[in-house]
Every structure is written in structure tokens, then in C-alpha cells.
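Next, two complexes with chain A in common: one pairs it with chain B, the other with chain C.
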Partner chain A sequence: MLRFLLTRLGLAALVALTVSLISFSLLFLAGDPAVALAGEAATEEDIQAIRAQYGFDRPLPVQYVAWLTGALTGDFGNSYYFNTPVIDLITERLPTTMRLGLAGICFALLLAVPLGVIAAIRPNSLIDRFALFISVVGQAMPTFWFSLILIVIFAVALGWVPVSGSDTWRHFILPTVVLGYFATPGIMRLTRAGMLEVLRADYIRTARAKGLHPLKILFKHALRNAAIPVVGLAAVQLGFMLGGSIVVETIFALNGAGLLAFESINRNDFPVVQALILIFSLIYVMLTLLADLLNAWLDPRIRVA
Partner chain B sequence: MRSSLLAAAIFAVALPFPVMAGSDDNSLKIAFTREMDTLNPFLNTTREGVILSRHVWDGLLHRDQATGEYVGNLATSWAWIDDTTLEFTLREGVTFHNGEPFNADDVVYTMNFVADPENGVNPQRNVSWIKEAVKIDDFTVRILTDGPFPAALEFLSGPVVVLPDTYFAEVGPEGMATAPIGSGPYEVTESVPGESLTLTRFADYHAGSPKGTASIDTIIWRTIPEANTRIAEMLSGGLDWIWQVPADQADRLAATGRYNVVNESTMRIGYLYFDASDRHGETPFDDLRVRQAVSHAVNRQAIVDNLLKGASEVVHSACFPSQFGCDTTVTRYEYDPEKAKALLAEAGYPDGFEIPFVAYRNRDYAEAMMADLANVGIRTSLDYKKYAATRDQIQAGEVPFAFMTWGSYSINDISAITSIFFKGGIDDYARDPEVIGALDTGDTVTDPEVRRAAYSQALNRIADQAYWLPLFSYNSNYVFDLDLNFTPTPDEIPTFYNASWQ
Partner chain C sequence: MNSLLSVRNLRVEIPVGAGLLKPVRGISLDLNKGETLCIVGESGCGKSLTSLALMGLLPKVARCSGDRLSFGGQDLLGLTERQMARLRGRAISMVFQEPMTSLNPAYTIGDQLIEGMIRHDGVSRAKARDRAIFLLEKVGITAAASRLSQFPHQLSGGLRQRVMIAMSLMCGPDLIIADEPTTALDVTIQAKILRMMKDLQAELGMAMVFITHDLGVVARIADRIAVMYAGIFVETGTARQIFDTPTHPYTKGLLSCLPVPGKTKLGARLGAVPGVVPALIGGVQGCGFASRCPLRQAACDIEPELSERGDGHSCRCVHDTPTLRKAEWATA
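Up next, the complex of A and B:
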């Protein structure tokens, strides 16, 4: 187990390092950052001064190490647009994204796992078809369209929930549904497939033969085993949600990290973009690692593989 | 396309449902697209910031929208003592939101703070003309300008507001951004970065202000980036006022009969510019006849009628017509594709030529112009990209032909547009000594008649030489509750202190 843990940790660290290198080099992909910073009507002296001030005149490896050391201590520099520390902007907005992501994954699991289980118990039944329909629609419908349809029906026409904003928990209902819904198809199909396979297994037949209660067999024996890949997928989906809530946050005017990323790209605010890419990637790496470890804990066979 | 489809869907579903209009607590809920970079009025670079500044702070002067004349606000009278000295008599009995009394020290402190380039006022041209301010007595101040600067009154009635010296000295620019204090008709009582601002009517606002007495008690100012969401909020009664609504959606909102939909011109104009000075090497535009040919080829009126609609008009001079010095009686290029073809043939391009065409907004307008150009044989390839990248390339001299726009920062003086693009700077692709000389005169002489004559000379030369093809003025659709009294103005600075509920 220790060896497994160390290998996984080492891999995660390598991925994180690569990501940091890529996000650092982003700043230089879009041309000379000093020229961009200097803005309109800047003279050559202004640009030189900015180069010196921000340290753009140093060799790239030196700049990278300086940036990485800063990043490790939470210092990502100042936002070009807000002229305030990037880390303050992110800590101010990340909680909204986290709240949304966690609510989204809970919604997805609550919807997808029961549907998947029922579909597996009654394959090719009406309910299986219904579950399939939901997953196909979920995969096919664009986020912005689905968001606006929900807004039109539940906020404008029925008036049950507010259109946009983040003042109360009611403001989070529609965004949660939209975000969670897109994780539903994968989780549901995986639960269904896992359950179908497990339900055919010999030990389930043994359990049945012993006369155990069907529900106990279903949840204690079958689902626990079928859930292993689902755990991994859910963790990865959560990572997607945190980084991928850009559209949802924009439409529902939720002031989260996703909206910040979108606006910062539009504003050429590279320090913010860099920091967000790094943070989102690290969260993703950590969630994948967590999924691996969880799987290994649930299924001893993985530890030696 | 995408947004109009969605809008159609929103309307189809939402229309049968009535909406609560008006306000029972005398509050006004408004939304803007962008989050402000800072609430500090001297560091803010967004339109939203300009609007906020007019509500929370006051300037020495105020421009009357109806007459275009300057009237006193924090100053009661003023006079040019010489070419570079303005003297102001200040209003007595004014207080800031925190109770600090207003006097000459506030003006002197503010002017001297912003005039120092070290303090990073953005944009610098709002303040770079101020040399220093001197206190004469408690209610008399002199502002010395850095050379003759006739547009000073315009800036003092706009972006240059007065900060409370004691509070500002204590909290600095950051404190002014988190807890802004001014002497304007509204005070900021709550700020949630990126989401909302709450403005509350300032009960002790000075009675003599040309801004009048505000009627609305509370303004809830939200940031909603998505246009469809703003419309949905409007339809559900979550907002009372939105602006910059696209023409097709404004038409639909108007058809519901539930909203006031008012179209007003803005100070933004669109233009095509040509590289006439070989900044990007030799191009067909070096020949005056080619520039004239393009000017005759583009059907500007058709674009205004079919795409911009509303209060937009074709413009002929390189400025917005209401701006001081904007002479509109220059050479006009009527739509005449045959004449354009003839001019091209005369210039040695009987079969036209190929040229890249850069644009950053209104892709549909750009495409309409490309079709017009193709019609006379000029084959363009559209290079459509973000504003920052476009402007960088333009300033680096890499773009020979582009469709650009300029909003003059709502400054009603020609120096905020023509002087930026034609005085030989990095944005100037004409580099015409006659134009540069005339603009220099206009920008530095205080006599209004001499200024007018100089600007007229510059504008006529620009039109005769077809350095720009000025296209059209932009417009904005304002949509607000039927019960709301609100009047939009061309400077694109909505004044909610003049709004009221019926």
C-alpha cells in the first residue's frame, strides 16, 4: 500500500509541475506582457520601466522559479485589471464555485445512482428507457441553452426561484441542477453497467440462495462493489465541475472563480488566468489522486496492480 | 443568431405572465455588464465607473445636458485669470457623506494628488493637464494648467471630481476603493465585489447642486454579464432598468407594452481608417483615389437603416457631432459604387485588389462593408479579434485597414477623439503635417473661435484626403419599467439622481 501511495503521489507531483510550467508559459504566449501592461500611448521608456519593475528582463527559468516560489506561498502577484493581489480575488470567489460544485455533484449522485440501480434491476424496462433518455438529453443539450430554458420556466414564468444572483440558497437551485445534470449521464450509465455485472456474479447468487433480504443484497453486497468505478468518476466529475462552471456562473451571474476566469481571459489579465489554471489543475490532480486512493481502499486488488 | 433565438424562446414562454412593475419601497434595481476594476473614481477605467462617479462624487462644474453649458457645482463661479490659471469660488455649506465639511483644502489636496503621475491616475489624460492647485482662502482656489488647456472646463465637469482630503489622507486610494466617500447625491452603503452595490440617497446633499434633489431612495446596482439573463430578470421583475439591449430584443420588449423602450444616440462613432503614410509599407491606400473609392463604395446609410437602427446617423467628420469643434460641413462621400469603380480604375486597379480587413466588434457591420467592397472589386479577408490585441497591432503599425470605433470617454470636446488619432502619435496612420499643426493650435488656444477654426481646418483636410471614412454614430436601447421617469442622454452616462417613480 505504501509503495502504491508513493507512486501515485509522485505521479501527481509530476503532473502538477508540468501544469505549473504550462500556466507560467501562458503569459508569454500572448506576446510581450510588458507592452500589454504599458497600455495605450506608452513610450519605449515606459515599457522598459515595466520590464524592470515586473522582472520581465530576467532569463525565463529564473522568472519561472520566482513565480513558482511565489505561487507555493500563495503569492501570484497583482491582477492587471483590479490591481489587487490575485490570491485575494481567488479566495473571495472560490467558495461560490466550491459550493456550486459540491451541490452539483450531490445532485448528480442523488439523481444518477438510484436511476442507475433501478435501471439495472429492470433492464430494458420503461424505467431503463427513461433513464437512457435522460442521459442522452443530458449529454446532448448545451449548457447555456438548458440554463436559459430553466430560467424561463422556473424563474420567469413560474416565479419559484430567482433568475440570477447568489444571495440565498434559492439562488443556487437552478445552477446546481444545470451543473449536476451534466454529470448525471456518465454516473448513471456506470452505475447501471456495474450493477448489471455485479448482480450476475456468483456471490450475489449465493447471497440470494442464503435467503438474504433483496434490499440488503442490493445495497450491501451489490452496490458497494458496483460503486467502485462510480467513486472515481464522481471525483473526476467534481474536478470538471469546479473548472467547468464558467458558463453556469456567467448565465446565473454567480460571482465565482469560473466567471473570474472567463472575464480575466477577456481582459488579458494573465496573472489571474495563470493562477486559476494552476489552482483548478491542482484541485483536479488532487481529486484524481483521492479517487485512486479511495478505489484502492475499497478494492484491495487495485493496490497491487 | 444564438442570442436572438434564445430571446425568442424567452419571450415565447414568458410573455403570458404578468410582471410586477414599479417599486413599493422607492428603490431602483439596475444591472450592468461589467464588474468595475475599482470604485476609486480616479483609477476606474470602465464606463460603469464613470456612471458611479457621477452619483457618488461631485466636480467643481457640471455640464447641463439640455443646453451644453457649464454650470457651477462645488464651485459657484470661475474665470480664466490668464491662459493657464483658472480661479474658482467654492460653494459653502457642502458636506461629504462622512460629515466632513467641504472647503478649498479638499480641492487643493485632490488636484495635487491626481496631478502627480506617481499616483497613477488612469487614464492619465484626464488629469495630465493639471499642473497644481493653490489655495487662496477657504473658499477660493486656483488651478494652474500645464500649458494652455481650453478643454479644462470639460474635464472639471466630468472625470475630475473632488475627494474629501482628511478621509483620503487617512485611508488612501485602497480605502477609497473599499469604502468610497464623496459629496454626491448617493452614498455607497454596501459593496459586494463582482455582484452588487447598494447606493443610498444622501440626505444632506447640498441643495444648490445642478444635479438637483434625488428622488429614488435606494439603488441596487448589480453586475450581470449575460444579456439574456438581464432580459429574463427584467421579464421576471427582478430588474427595473437595463441598457445596451440589442435592437431585435428591444423591439420585442417594446411590443409587450410593459416597458419603456427608448433609443438614444451615444458618442461612440465607427470609422474605417487607411494606412496613407506607409506605416505598413506600401499599400493601395497610398493613393488618394483608392481611399475615395472605398469611401464611395460603402453604403453607410444601409447599415444604419438595417443594422444599427434607432438614433444612429451617418457621420462625415472624424468626430461626434455634439463635440466642441466638430465641424460637420466637410466633404461628403455619397454611396456610389460606379464612381468607386471608376476611381479604382483611374488609380490603376481596374480589377480591384486584395487586402486584409481588421475588426473587433459588430461582425455583422464588418461583413456588410466587406460585401460592399467586394461589389467594387476590393476583396477583403476578415481578421476578427479581441480589442486589446487589435489595438496593440494597430499601434505597432501593423494594420493597414481596419474598422474601429471610439467613444471619446464621453468627453464633449473634439480633443478627445481627433487629437488622439491625428496628431502624429502611435494611432495616427495619416501623419499629415497640416492636420497635426491645426490640431495643435486647437488643443492649446483658449479662444473658442480660434479653436473652432483650427479644428475645422483639420477636419476638412482629413475629409478631403479621406484619411478616415467616418461611418456612423452608435446608439443604445434603454429598457425600463413603465412607471419609471428616466431620460437617457447621448453621453451614455445615465443619471439615476434625476430618475423617479410615477
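Up next, the complex of A and C:
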């Protein structure tokens, strides 16, 4: 188990290092950053001055190491646009996205897993059809449209929740539903398929032959084995959500990290983009690691791998 | 007669696209305490479904009916699923064919051994653990206490089947149904496991329904034998009767496939029963074995009844006993 843990941690660290290299080099993919910063009317001297000011005249490895050591201490430099530390911008925006993402995945799991389990116990029943309907709709409906419908019904017509903003928990209800519902179909179908397969397994027959309680068979013996692929998928989807949903954050005027990323790209605000990419990626790496550990806990056979 | 298990005319039917599949077409049996009945037959004859029907573990689509299915004086056909679950694992338990897949990979074998006993007998974990260790040692597993924390994937097939057998014994059942428990194991392990099951049975005094297609296995453990073909018993009797004076052409055919030490000459060809089991959709007309039988005649178009051919020895065939005894399978 310790070896498994160390291997996974080592791999995660390697991935993180690679990602940092890629997000650093993004700055130079879009051409000479000094030219972009200087603006259209800039003279060659202006550009040279900017190059010196931002340190673009140093060799690339030096710049990378400087950037990385800064990043490790939370110093991503200043935003070109706001001229304030990048880290301040991010710590201001990221909690909103985190809150929304976590709420979204919880909503998705709470809706999708029970529905998937019931659909698997009673295939082709009314509930199974209903679950299929929900997942088809969820898959097919554009997020922005669904958001607007929810706003029209629950915020405007019924007035149960605020239309937009991020001041109280009630502001998060509609965005959570939208974001969570988007993740529901995949999780539900995977739960259903996994449960259907596991329920046919010989060891379920053994559990029944032992005379165990049906609920114990379902939750102890079946769900644990069916959950393994679901954990992986949920981790990926949570990663998506924590990367921020531009659409949802825009529509509900949630000042989250997704919106910040979108705006920073439009403003050529490279330090912010770099920092966000690195942070989003690290979150992803961490979630994958977490999913691996969770699966190793669920299935002892994974621990030796 | 006061038998432990008494079955009359048990049927299993499964609706399929093309009609009604009738894999078990009315079997009857009586089993006394401590006795071993072997149900022998080839693949697809309905023997596994018979065992699942006895356990109440048939797939949902299958329908089970019968004139009687009583166990220890209790009518099983009338029980609800909940009542049946109370019997399963406690009074009747089962050992399955596939030791590699019959244990849940996510739990330790200790956990899987004790959970049934905790449920049925309401004992503490510690007490159930003691019982598990005791039984693991009984089935010949060394270092039993340390095995409890192992996972199924850390054990070999033979060990896993021993664990399954120990598991079936946890609550001290009156009846064990073993569905080809040694088929997936290699021959040396097979012999060990069979001997062990026989010893345990003598020691613990439970009855056993042993399902197999392997006559070599039958010879080792059976008190009584039922030869199953196309969903019904074609011959039943004591192990001696079946092996010494086989009567039904199918039984004789099966036995001719076996080499007999000291009798079968070196280089001689073993027998084979030609043909295949008839399709069981919509039932079988006449004698199910007629299409493969060397003694076939017009009367075989009507299904014969199981008739007495000696003390407790019955055979389902239109021919009289002397004709059947005389008849030989032409070895190809």
C-alpha cells in the first residue's frame, strides 16, 4: 500500500512539473509577449524597455526557473491588466468556483447514483425509463438554455431564489443545479451499467445464497464494486467544474475563476492565464490522485498495481 | 417417510423469445439426514437449475412450480423471499462451481466468512471469527487465523473453494447443495476436496445434494444417484445399483465412456454417447433420449414413467429390465 501511494505521488509530481513547463511556455506560443504588451503604436525602444522590465531578455530556462520558484511560493507576478498580484485575483475568485464545483458534484452524485442503482435493480421499469429520460435531456440540453429556463421559472416567476450574484448560499442553488445536472447523465449511466454487471456476478449469487439482507447485498457487495469506474468519472467531472464554467459563471454573474480565465485570455493577461492553467491542472492532478486512492480503498486488487 | 428434503414433480420454466423453455420437467427426490445424493448429467440437462430451484435462487424470469418442495417438514414453495433468505446459508447452504469468481474481490475472506453467521445467529464478530478459524482448519487451510485478513485474489482456486466450503458450513446447515464444486479445480486438488467433503459430512452429519457431470466424482461420494437427462431423472438408485447394474440406456452409455481399472484393455476405445441433448423449448415429445438410443422403437414416442426395477432402483424406459440389462452399446 505504501509503495502504491509513493508511486502515485511520484507520478503526480511528474505530471505537475510537465504541466508547469507547458503553462510557462504558453506565454511564448502567442508570439513575442513584449510586442503584445507594448501595443500597436510602440516603437522599438518601447519594446526593448518592456522586454527588460519584465525580464523577457533573460534566457528561457532562467525565466522558467524564476517563474516556477515564484509560483511555488504563491508569487505569480503581477497582472498586466490590473497591475495587482495575480495571486490576489485568484484567491478572490477561486473560492466561488470551488464552492460551486463541490456543490455541483454533490448534487450530481446525489441525483445520479441512487437513480442509477434503482434503474439497475429494475431495468426497463418506469423509474429506469424516467432515469433514461433525465439523462438524455441532460445530455442534449445546452447549459445556457437550461440556466435561462431555470431563472425564468424559479427566480423571475416564482421568486424563490435570486436571479444572479454570489452573496448568499441561495445564489448558488440554480448554478449548482445547472452544473450538477450537466454531470448527471454520465454518472448515472455508468452507475446503472456497473450495477447491472455486478448484480449478475457470481459473488452476488454467493451473497444471496448466504441469505444476506437484500439491502446489504446491494450496498455492501454490489455498489462498492460498481462504484470504481464512477469514482474515476466523478473526479474528472469535478475537475471540469473546478476549472470553472464560463457559461454558468457568466449567466449567474458569479465572479469565479472560470470567468477570470476567460477575461484574462481576451485581455492577453498572460501571468493570470499561466497561473490559472497551472492551478486548474494541479487540481486535476490532485483529484486523479484522490480517485486512485479511493479506488484502491474500494478494490484491494488495485493496491498491488 | 420422514425425509429431510422431499421434492415432488419440481418444474422450472423460462419464457424465451421462441416459446417456453422447460429445463426442469418434473423431478422428484427424497433425501434423508446425512445422506448424499448425486445428480449426474451432461451440460444443459437442467441439473444446475434444479439446484438453484432448491435454493430459491432462480433468476427472476424463471418460474418454479411443483407438487411438493419440503425441507425439514417446511413447505418451501409457499415461503416468501424474506423467509427463504432466513433458511439460506443457515439450514441449507450452497457451494458453487466457480471458486475464482464466487468470492467478492472487495472484501477479506474473513469478512465474507462471518457475515452470514452474524446475520443468522446474531453472534458477535469475535465468536463468528472463532468459528471461521475452526472451519478453515477443518477444510485443511493452514495458518487459518492469518488467512482471515487476506483477499480472494491472494488465494489459489483450490484454497478459494475450501473457503467457499468453510463458508457453507458456518451456520451448521442440515443440507449442502454442491453444484460441481470440484469441476474448476485440477484433478489432485479435486480428490483432496472430495475426500474432505465426505469426511466433514460424516463428522457434521449433514445431507448433501451433489451435482456433477463427472462419474468419477460420483463413485467417490454418492450414497444414491439420480441420472438426469433433458430435465428429468431417467434412472435413480443407490450408488451400487447404478454402477453395478445400470439399466437405462443413457446410464449405460455414460458408464461406457469411463475406463474401468483392470477391465478396460489397453488401447481399447472408450464409448461415447452420440448426438446431443434435445432442445427443451416447448417441452419434449416422448422419451427425451429416444433420438440417441440404440434400443429405439415406436413405443418411445410416448414418454415412459419412472418404474421400479429393484429395491429403490427406478428407471424411465419402455423396455423391460432383462432387455435393458442385456443390451450393449456398440463401441465405435
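Assume the second predicted complex is superposed on the first by the 301 of 305 C-alpha atoms of A that agree within 3 Å, B and C clash if a C-alpha of one lies under 4 Å from a C-alpha of the other, contacts with A are read in each partner's own complex, and residues count from 1 in each chain.
FYI, contacts are C-beta pairs under 8 Å (C-beta built on N, C-alpha and C of every residue); 3 or more make two chains touch, one makes a residue touch a chain.
On a predicted model such as this, the values are computed, not experimentally measured, just so you know.
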item: Side-by-side fit of chain B and chain C on chain A, or clash; value: fit
item: Vertex chain A angle, Cα centres of chain C and chain B, expressed to the nearest 10 degrees; value: 160
item: Partner chain(s) touched by A:83 [first = chain B, second = chain C, both, neither]; value: first
item: First, second, both or neither for A:3, with chain B first and chain C second; value: neither
item: More chain A residues in contact [chain B versus chain C]; value: B
item: Chain B versus chain C - smallest C-alpha distance in the overlay, whole Å; value: 48
item: For the chain C and chain A complex, residues of the former touching the latter; value: 55, 57, 85-90, 93-94, 96, 98, 101-107, 112, 115-116, 119-120, 151, 153, 164, 167
item: Residues of chain B defined as touching chain A within the complex; value: 6, 9-10, 13-14, 16-17, 34-35, 37-38, 43, 123, 192-196, 222-226, 228-229, 232-233, 235-236, 238, 386, 388-389, 391-392, 395, 425-426
item: Complex contact set, residues of chain A against chain B; value: 30-31, 35-36, 40-41, 81-83, 92-93, 144-145, 148-149, 151-153, 155-157, 159, 162-166, 250-253, 255, 259-260, 262-263, 266-268
item: Interfacial residue positions of chain A with respect to chain C in the complex; value: 201-203, 205-214, 216, 220-221, 224-225, 298-301
